[in-house]
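Next come two complexes, and both contain subunit A; in the first it sits with subunit B, in the second with subunit C.
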Partner chain A sequence: MRKLTDIAANRRTWAWPYVLFMVLFVVLPLIMIVYYAFTDADGGFTLYNFIKFFHTSEAINTLIYSFAIALITTIICLLLGYPAAYIMANAEFKTPAVMAMLFILPMWINFLLRTIATVELFNMFGLPLGEGALLFGMCYDYLPFMIYPIYNTLQKMDKSLIEAAEDLGANKAKVFTKVILPLSLPGIYSGIVMVFMPTVSTFAIAELLTRNKITLFGSLIQRSFGEGGIAMWNYGAALSLIMLIIIALTSFLDSGKESDAKTSLI
Partner chain B sequence: MQKPNYPYTGKAASAPQAQSDYIIEVKHVSKQFEDGKFALNDVSLSIKKGEFVTILGPSGCGKTTLLRCIAGFQVATSGDILLNGEDVTQTPPHKRPVNTVFQKYALFPHLNVFENIAFGLKLKGFDKATINRKVKAALKTVGLTDYEDRDTDSLSGGQQQRVAIARAIVNQPEVLLLDEPLAALDLKMRHDMQMELKDMHKQLGITFIYVTHDQEEALTLSDRVVVMSEGRIQQIGTPTDVYNEPQNCFVADFIGESNILTGTMVHDRLVHFCGHDFECIDEGFGENQLVEVVIRPEDLYIFEKNDKAQLTGVVDSCIFKGVHYEMWVKLDGPEGETPYEFLVQDYHAFEPGREVGLLVKPEDIQIMKKERLCNTFEGEIVKGNKVEFLGADWDIPEAVAQQFAVGDEVIITVDFDKVDLHDYEDEGTLTGEVYFILFKGNHNHLTIRTDDGDDIFVNTTDAWDDGDRVGIAIHPEDIHISKKS
Partner chain C sequence: MILTPAQIEARRRARALRTKQIAGNAYLWLLLVVLYAPILLIIIFSFTKSKVFGNWTGFTFQLYQNLFTGYDYNAQVRVDPNLYRAIAFTFIIAFAAALIATILGTLAAIGIYNMRSRSRKVVSFLNSVPMINPDILTGISLFLLFVFLGISRGMTTVIIAHVVFCTPYVVLSVMPRLTKMNPNIYEAALDLGATPFQALRKVLLPELRPGMVSGFILALTLSIDDFGVTFFTKGSGGLETLSTFIYADARKGGLTPELRPLFSLIFLTILILLVVMNIRAAKQAKK
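On to the complex of A and B.
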């Protein structure tokens, strides 16, 4: 009896279900991706999947295009999100709560539904679906992920720092460039990573908003597994691994920099 | 480095000087917040070049608001602020030749020590060599040589404070504003920094305006002390002036310990309190006028009861305070009356129960004009034998009511000891909160702030605490009414 309660009281015991979950759904799939990426259909070791990728200009172009789209989305989100976060952080009394609510509200709804609604919206106004619609949809979906980390850092910023800068002779513009902007960089990093990483691998938004006219790298992977049948799994795994490595590299941008802006998100 | 821009003028309380000597003039400045409360209420203050002025007061007295108005972070609702004779009331902070040392340092976390200090210089466009030289000199002044490359968060509180001071003085401001700069430091460090600040002030020769709630700090550092309360200046004077000659009960009570009593000025140089006549040195209060008497505890001589004693009593308590003993002495008095109690400080201990004599020298008795003799309100006679004032209807005797017509505007007076306070708020006609307590020897003089923000003054021997909620009642017979003229 005593032993049982001891086991129950032990913190390690409580961690086991999570460890199990992570092994099953994170570690194992990763190992499988690596395994499939470096093997052929018969299970023998090969680098063919990677060689195939680097010799297929379509695949490489898709990767570059996906990066460009993700980059443009991130930049637009930053340009739109920073002022929004700034206004919210400096607003008086109830305004930030109301504004935060307005930004949060779309996130209550599944993004697929929102994307389908966006398609209908474009149809209703007779706007063409395509690249423009894709960018619009991506910005619409991911803007809150840019606003929140920035809002968080701006809101936590000690207002006396701004006064100190003014006191030392800085006008409004200088206060922004010399104090507010540098101090909100951790939030900007987090925002960039949180927008860039999911957008670079997205495929559903592209399929819906371009009617499959534009293929993103995520779509390429999805098709390898979905349409290609089991024969394409190895190639798909290699593509996934390439993407994983690239995303891992971009996230170094964020490494160590104010991770609390991210964790405090929502 | 910054050799004194202005010769240090020494004791600033010297004879009044010409207008042009004032570097800062605050003229009838009021600051009203959105909720209608006055943080500053008609504040006027002139500060000479090179002076070390401390603005002293309890929290919420408006001292920080005054400093922020001078720095430009807040704009006065009315009144003018002049800097070197030039109106800067509306000038934004970055255009004022003043620099501030903030209470919580406000060092830029993304910059190191050097960059923090160089911040203002870079904005002013100095060249690299000059910036380098000035920053090094400023660091030397604050005793942090070779700290240039340190991160600010690797510094101790005291070191951060020094960087904050260096960041301000490196700009050679005409006025240095310090907002409770030492409040976050421990006692020992605070004392060291006080001395350093005083030296720095001498060395730099610039005007220091220092805000603090610590009266000892104010007395130690300043050429002049500005005592504030409730958004108003209570007294301006040298440290010795405000300590030895407080102008009102607030100042006497706030600065140092004091025995404050109500007395009667019999005639010039003779005051009556605690049932005895005392010689004093004050004149000009008139004859048989009620006055406030202040005696500092260290000015009372305590000794074994003998013929020389002006007052006699029994020691009630005796506490060792390090340098001296602090004793409460209960005076002998007429049977049935609450005896007066005096706070006495002496190097010798007299244990509780000892019969002792007290003596005070004429020059150690400080006499102040009584600020008020009774509660005075304006009101109006209303129906049903009632009078309306302070937003409530109060019963008055029918005989009194008949002397007036309904709607008559009247002046109401109520003696301090005729206001009854009740624990239960619904037992009073009006409710309020104990706002300020002043011990007056044998009773407490309370300021009760009603829920509408009016003040009623009450003398009571009951014990109340700051912030207690009370019901306020006045017996109809004790409400004195006269027609408004």
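On to the complex of A and C.
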């Protein structure tokens, strides 16, 4: 038998506790979603949960609607966030150094409380709580997640490439479309993923922002695990699996760069 | 005074640059005003005692007094005791989860760093899953696991769930320190007769400490801010964190007014901390 110190000396083994932990609490839970999605309340194999989904037009419409809302939110965040990141990263604009910090500071306030405050803001101005409020609230919550990764890539960009393009006779528009934009694509991808993923799966924000007028796919999933009791769990698991597939497909957009962007927030 | 064409051109350019700077900064400030408007609203309405958020009934420190004494002398009622339990649970869970995540994640980072490239890829992929997974899916998948295994949900399951989504960030904060470090120092310590545990304590840990600290802080903030995962793993035994407390409160229609001063204070603390940190970093950069 190998001695304990021998095992400890081989530093590869130090990851074992974490690997075991992940198998138990990351892999196994995901298998659970698949298991519950393909079984009925008694544990027998069935495709009923998916058939039910594809036969419930409300569920399909909710999925499409959530997808559209997430897409619009992502596009608005990109259109608002890119210029902001560009201005901050560009020394020409002489923005104060604290600016980047000011953009991430609101994230330290609990997002539910911020959402409730947004609702109050709409109430104060007499604005209706509907789709507009939902889009505003979502953009408001996730705009920093778009700005930050783009800002990071723009700042790390080799500035001599821009000078080279200018020296070679490119005008401002050309420099932007041929040099700056392509080089900032990794940041854009990260931003898109970091905004799209939470917005497509959100469940509390929509409820609060629209006073339950609008149901998103995340809320639909949540409800299957709430009031309906055990009978709805299998259906909820099937909806979760559909969501999981959407997330997996989106994550191909940027392979693991989201993590870098998020760790650099600190 | 007659200007040469070159001078006119230079002035025109300078003016164009100024306009550009003003426009650019105005755009940023406009975004910030919108971004901060709801937070400002919370702070403003922390200085009025109205139960209804958005209803101004005169300036007072009443809510701050209520928050700290736990008793509303005006209305002769206690401030919802669940609020204080939620605050306590939020911090207990955050510190426990961050501590476990930091230990687990640091060991894992050392392990992954020393792995052969194939197993390293597999473990790194596994590590990225909880970061990509939205909180609703992490929450539901763990909920189903606990139900399947017949584990009753409560504080322990919430801490486990928080360790799940915190540890990947610790691994990622520690990893860069490992790649920067000279790998021979550890080997040298072993050759000089140190046990692996001594080498870990005396050589590795001091090198990795900055990464561990930032990983710990990141884990702490992620845990405090979490709602989705906690919501599904807390069970129905009355365990609430601040997030789930606010959510339950909002669904009931009202919002405990003392939350306004609480979050105003939290915001102020973080603002001061970040400003101090930034000034320090700027001073160090000058040196």
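The rule we apply is simple: the second predicted complex is superposed on the first by the 230 of 266 C-alpha atoms of A that agree within 3 Å, B and C clash if a C-alpha of one lies under 4 Å from a C-alpha of the other, contacts with A are read in each partner's own complex, and residues count from 1 in each chain.
Everything that follows uses one rule, which is that contacts are C-beta pairs under 8 Å (C-beta built on N, C-alpha and C of every residue); 3 or more make two chains touch, one makes a residue touch a chain.
Bear in mind that the values here come from a model prediction, so they are computed numbers and not experimental data.
Judged by the touch definition given at the top, the superposed model places A:L20 against neither subunit B nor subunit C. In the superposition on chain A, A:E166 contacts subunit B only, with no contact to subunit C. Contact with subunit C, but none with subunit B, is seen for A:N110 once the two complexes are overlaid on the shared chain.
In the superposition on chain A, A:F203 makes contact with subunit C only, while subunit B stays out of contact range. Number of subunit A residues touched is higher for C, counting subunit B against subunit C. Using the contact criterion defined above for the overlaid structures, shared-chain residue A:W233 touches subunit C, although it does not reach subunit B.
Contact with subunit C, but none with subunit B, is seen for A:A97 once the two complexes are overlaid on the shared chain. Counting contacts as defined above, no subunit A residue meets subunit B in one complex and subunit C in the other. Against subunit B, in their complex, subunit A makes its touches with residues 158, 160-161, 163-171, 174, 178-179, 182-183, 185.
Subunit A contributes residues 5, 8-19, 21-22, 25-30, 32-33, 35-36, 80, 83-84, 87-88, 90, 92-95, 97-99, 101-103, 105-114, 116-118, 120-121, 123-124, 140, 143-144, 197-198, 200-204, 207-208, 218, 221-222, 225, 233, 236-237, 240, 243-244, 247, 251, 256, 258-260, 262-263, 265-266 to its touches with subunit C in the complex. The touching residues of subunit C, counted against subunit A in their complex, run 17, 20-21, 24-25, 27-28, 31-32, 34-39, 41-42, 45, 53-54, 104-105, 107-108, 110-116, 119, 123-124, 126-138, 140-145, 147-148, 160-161, 163-164, 167-169, 171-173, 190, 195-197, 214, 217-218, 221, 225, 227-228, 231-232, 242-243, 246-247, 250-251, 255, 259, 263, 266-267, 270-271, 274-275, 278, 282.
Listed in rising order, the residues of subunit B touching subunit A in the complex are 71-73, 92-94, 98-100, 102, 104, 106-110, 119-120, 123-124, 167-168, 171.
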